[in-house]
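In the part that follows, the structures are each spelled out as C-alpha cells.
Heads up, the next two complexes both have chain A, just with different partners, chain B and then chain C.
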Partner chain A sequence: MNRHLISAADLSRDDALLVLDTAEELAQIADRSIKKLPTLRGRTVVNLFFEDSTRTRISFEAAAKRLSADVINFSAKGSSVSKGESLKDTALTLEAMGADGVVIRHGASGAPHRLAGWVRGSVVNAGDGTHEHPTQALLDAFTMRRRLGDLEGRKVTIVGDVLHSRVARSNVLLLHTLGADVTLVAPPTLVPVAVGTWPCSVSYDLDAVLPKSDVVMMLRVQQERMNAAYFPSVREYSRRYGLDGDRMAQLPEHAIVMHPGPMNRGVEIAAEVADSVRSTIVEQVANGVSARMAVLYLLLGGSEPAIGKGVSE
Partner chain B sequence: MVNAASRPDEPVEVRVADGDPRPKAVLEGPDIRRALTRIAHEILERTKGGHDVLLLGIQTRGVTLAERLAGALREVEGRPVPWGSLDVTMYRDDLRLRPARALGRTEVPPEGVDDRVVVLVDDVLFSGRTVRAALDALNDLGRPRAVQLAVLVDRGHRELPIRADYVGKNLPTSMRENVKVLLAENDGRDAVLLGPTGGAK
Partner chain C sequence: MSYLIKGARVLGGEAADILVRDEGIAAVGAGLDAGGAEVVEAGGLIALPGLVDLHTHLREPGREDAETVGSGTRSAAMGGFTAVHAMANTDPVADTAGVVEQVWRLGREAGYCDVQPVGAVTRGIAGEQLAELGAMADSAARVRVFSDDGHCVSDAVIMRRALEYVKAFDGVVAQHAQEPRLTEGAQMNEGEMSAALGLRGWPAVAEEAIIARDVLLAQHVGSRLHVCHVSTAGSVEIIRWAKSKGCPVTAEVTPHHLLLTDDRCGGYDPIFKVNPPLRTGDDVAALRHALADGTIDCVATDHAPHPVEAKETEWAEAAMGMIGLETALPVVQEAMVETGLLDWAGVADRMSYKPARIGRLSGQGRPLEAGSPANITLYDPSARRAVDPSAMTSKSRNTPFAGLELPGRVVATFLRGRPTVLEGKLQ
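So, the complex of A and B:
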C-alpha cells in the first residue's frame, strides 16, 4: 500500500526523527551556490491549492524544485474548480497526468484523506480546514531542535486561536511523539471541545505558564474562520493573550518565540517581539523548505515511501 | 599472513578453504596502516608536495580513511591537509531500487573545492557506481582543478570506466564474494574481510 503524510500522527517517533535528521543534512544545500539535487529527477509533484497560501505553496514548490522534480502548480482560482468540478474529478485528471506526489491544501478538513483514496501517488497534507498541517509541525520541531537541541522533556506553550488552528493540532501530536510537554493557552471560547483527548494540558493564564516555557508559539487569530464573537474585542484579546515585550521578559533566557505566519502584528504578537533575537519567525520560513524537501525525498525518493501511513478507502 | 599466535588478544582469523562460510581477514591493522602510509607518500609524490590537496571521504568508512590519510600527510610534510566528507546518497543511480534511506553528512572545509586537487577516498572500489555518484556530487560543490581517487581495496568487477589513482591492495574477487572493511573508529578494530556474499555483513 502507498503511504501518505496526512496527519502528524502518521509519523512514528523513528519516522519523525528520520525527517528531522534528513532535513538537517538538506539544510546545507541552501548555503551552496548550486541549490539543487538530482534525486527526484523525472518525478512529478502536483501542488493542489484550493485555499490561498503564500509561504506554504512557495515552500513546497522550492522544495520540489531543489530536488529536481517536475512541479505542476494548480490553484482553484482560474481552474475548472470554479466551473464546478469536484475534487474527485480533479484528482482523476491529475492521476491521468501521472503525479507521483500530490501536495494538497483544502478548506475542508479531511479532503487530503479522501484524495489519498483516489490517486496512486503519495499525498502530502499542506493544511486541510481546521484539521492538520503536518509539515508545519515538522518545520517547527526542526526549528526548535536547531535552537534548543533534543526535544525530550521540553516545555512548549502554544497560545491563541487553537480552535481554528490546524497548526496547533499537528504540533501537539508531533511534539508529543517527540517527547515534549505541550500546554495550550487560549480563551475558553477558542479551545476545542475535544481537547481532553489531545496529549497536552490546557491553561487560561498566559502569565503563569510563560516562566516555565522553553518555546512559546503564538497562533494567528483567524478572523476569516470566525463566524461568531469569540472574544469581546481585539484589544482585550491582545491584552490577555498577546505576547508583548513585558511578557517576553518573563520567559527563561534560552526560550524562543515562534509564529507560523502570517502575523497580525499588534494583535497576538507585538512588533518588538516579532523582530527580537528570540523570534525564529524568519528561520521557520527557511527551515520550511528543508523540512519539506526531507518529506518529499522520504516519500518519493526510493522504491517505496520510507515514512507515513497507508489509507484504506 | 595472519599470525594469531603472536597476538593472542585479537580474535583469531585464519585463512580457510573456499566454500567455508566464515569470512577471512586479508588485511590486518598493521597492513592497513602501511597501505595508508604508502598512499600518503604517493599522493605527495604525484601532487608534488600535496599543495592544494583536499581529501574528501565518501560516507561512511571513506571519511575515516580520509581523516587517517590527512594525519599521515601531516606527519610526512609537517603541515595540515584539509579533509572533509561527502555523502552521495542523493546522487546514487540505485536510489529507486530501494526505499529512501537516511542521509550522511557532507562537510567541505571552508576553503571549498574550487581549483583544488580533490582526492576522493573510499574503502572498497567495486562497480564504480559510488565513485560516479561522488563525481556528480562534487560537480555541484564547485570546480576542482583535478579529481583523483584513493581506495583501500580494489576488488575489480568495474561496471563503469573508472579507475583508482591510489590503491591500498588489489584484491581479485569473485562476484559471489563479499569484501568488508572494518575500521577501529567505526567497527572497533581494523581488518579487511573476504567472505561469501551475505556472510561477511
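So, the complex of A and C:
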C-alpha cells in the first residue's frame, strides 16, 4: 500500500482486497464487550476537519480509539484556522506535534495532496471538496461484499449529483478496481463533460437501469444545487431521479439500496425505501468504523497482526 | 558610448557585425571597423530586435511584495525585452491619466526597458462605465492599448462603445475573453482532468463565445480588437475565420500555453494555476500552428508574479498566474524553433515587430539595420539549462517551468544603445 490514502486510485486490487479482508477481521471486535485492540498504542492520529462532518469525524475517532491510538480532534472552527492560518502552517504545527497519521476533511479538492507534501505522517483523505472520499468507497464496497459476496461482475448503479460528488468519484474508481460494473444515472447537467473517460457507463434513465441493478446507491442532493439551474425544481428531480417504493419494486429480489448520508428523505430517497429491508444505510455507518480501522491499521500499524493475540478479550 | 557587436547571426542568418553608436544602429555588415567602440564578441549568438511584451503584470502600484516596476523591468531585460506593456489591474487600477503616468515615470526612472502602461477599459475594471480613455491616451504615457485584463469586458454594449471610442486615437481594446457566468468559480480547463480532480471546469466555450462576439463587434464598428492569451483550438478557428473576412483582429499566445497542458494540474500544485487555464495537447498543437501561420500574431508573456504564500495553499485558494519574462524566449525556442515551426526571423516578428505594431510603439520592434534604434537582444540558442526559480531576477518565483530543461540563454540586451544585460548579467 502507499503511505497515504488520498484517492481510491491509490489502491491496487490486492490493496483493496487486503483492506476489505482486514475490515472483516476487525469487524469481529464490534461484537465484543470490550471493543478495543492495542495495535496502535502510542501512535497519534489527528482528525483535521475543516468542514463540519460529525458522522465522518466520529467514525474515524471511534476507529482510531478502538485501535488504542491517541486521537486529537482539530476542527477549523474556533481554531487558528478561523483566524486565517494557512493549511501549510497548520500542517507544520501538526508535524511539530508528531502526528503519525492525519485524517483530513477539507472543502477544497486536492487539500490532502497538498498536506501530504508538508507532513511526514500518513495522510488519509476523509473527503476533499468535490474530489474524493476513499474511505466511504471502502465502507460501501465492504457493505456490498457482506450482503452480496464477491463484487466481480456485480452491477452497481450510482444515482444523483455525480458532478459534485466525492463519493461517486471514489466509488467509480474502487468498484472498477474490484471488477464491478458501475452505471451512473443523473440528469445530464450533473455529470462531468468528460465522464466518457471514466471506467463506467452513464444513463439518464433510472427506470431502464434499475431492473438490472444489484446495488443502487443514492447520492444526496446538496441544497446549493437546488437553485442553480441544474434541474428545474426539486419535485421534478425527485420524480425523475428519486427512488420511491414503485421504483424499488423494479429491483431484482436480492438488490440492496445504499446512501452515504445524510439523506434528504422525500427528495432522492423516499422514507419507505430508506427504512426498508433492502436499505443498508445504518449498516454503512457501522461498517464505516471497521473500514476506517482497517485503513488506519494498514497505514500506521506496521507488521503486527490486526487482531493481535486477543488481549482485549 | 559605442559598441561593435561582432559576428552575430542577425535573425539567425549569416554572421555580421552591428555597430551601435549613441542610441541607434550605425551600421550592419561584415568586417566593420571598431574605431574605438567597445567590442562585444557575439560569435554563435543570434541577434534579434529587442523583444516587446504586450502583456506584463508589474504589480506596482499596490502589490510591491510580488513585483515592482523596477524588479519587473530588470526581469524583462534579463529575458531580452526592451519594452513591456504594464497591465492595468493594479491597486489602484490604472484607469486614470494619473496612474498611467505614474507607472510610465517609474519605468523611465528604472531604465531597464520601456514601460508602456495599458489603460483600463472600464473604471476600476468593474465592467460598467468606461474609464477616461481619452485622458490616458493624451497623457504623457500615450496609452494606446486598453484592457480590463483579469476581467472580461463582458457587457456587449460597453465592449462595443470601447471599441468605437478608441478609434479616435488609434487605440486597441485587448480583451480578456472569458464569459463570466460560464466560469464562476472555475479552477482549471474543463475536461478529463477537471472531472477526475473534482475541480470546477473553465470550458473552452467560455473563451470562444466572447471572441466570436467580439470579432463580430469589431467587424461591425471597424475597430481594432486584440485578443489576449488565446488558449484553445476553437479560438484559433474563430480568429482565423475573422481574419479571412478582413476583421481587424490581432491575437497573442503565452509561452506557457505553447508548452504546458492541463495534466500538470494532477498533483494539485497551484504553480500550474493560471487564467486562462492550461489546456489539452490538441489545443497546444493548434496554438503552435496558429502562431506559425500568423493567425496568432504574437507571443505575450502574461508575466503574473505572486508571492510564495499565494501559491503554497490549496488549489482553490491559490492565485492564478505564472511569471514568464525570463523564460519566454527559451520556451518559444523549444516549442516553435526546435519543432521547425518558426525560424529566427519568425521569432523576431512574433516577439518584437508584431507586438510593437499592435501597441503602436514607434521606437520598438524595428529591423536590425542602420537608422533603427539600437534595441537588440543577443541570444545563445545552443545553451541548455534547467529552470531554477531561485535564480530569477523577478521578485517572484512562481514559474511553472521549474526543473524543466530549456534551450537558450539571453546573453545581452541593448536598450537604445545602452546594455541592460551583458554576458548574461544585469548591468
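As a convention for this text, the second predicted complex is superposed on the first by the 296 of 313 C-alpha atoms of A that agree within 3 Å, B and C clash if a C-alpha of one lies under 4 Å from a C-alpha of the other, contacts with A are read in each partner's own complex, and residues count from 1 in each chain.
In the analysis below, a residue touches a chain if its C-beta (ideal position, glycine included) is under 8 Å from a C-beta of that chain, and two chains touch if they have at least 3 such contacts.
Because the structure is a prediction, the values reported are computed rather than measured.
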| item | value |
| --- | --- |
| Overlay on chain A: chain C relative to chain B, clash or fit | fit |
| Spatial angle chain C-chain A-chain B, Cα centroids [nearest 10 degrees] | 130 |
| Contacts of A:Gln223 with chain B and chain C, given as first, second, both or neither | neither |
| First, second, both or neither for A:Ala194, with chain B first and chain C second | second |
| Touching partner for A:Tyr297 - first (chain B), second (chain C), both, neither | first |
| Partner chain(s) touched by A:Thr39 [first = chain B, second = chain C, both, neither] | first |
| Which of chain B and chain C A:Ser12 touches, first, second, both or neither | neither |
| Shortest CA-CA distance between chain B and chain C [superposed frame, angstrom] | 27 |
| Overlap of chain C and chain B interfaces on chain A (superposed complexes) | none |
| Interface residues, chain A side, partner chain C - complex | 86-88, 106, 108-111, 113-114, 128-132, 166, 169, 192-195, 197-198 |
| List of chain B residues in touch with chain A within their complex | 87, 90-91, 95-106, 136, 140-142 |
| Of all residues in chain A, those that touch chain B in their complex | 18, 21-22, 25-26, 28, 32-34, 36-39, 297-306 |
| Complex contacts: residues of chain C adjacent to chain A | 187, 190-192, 194-201, 203, 267-269, 309, 312-317 |
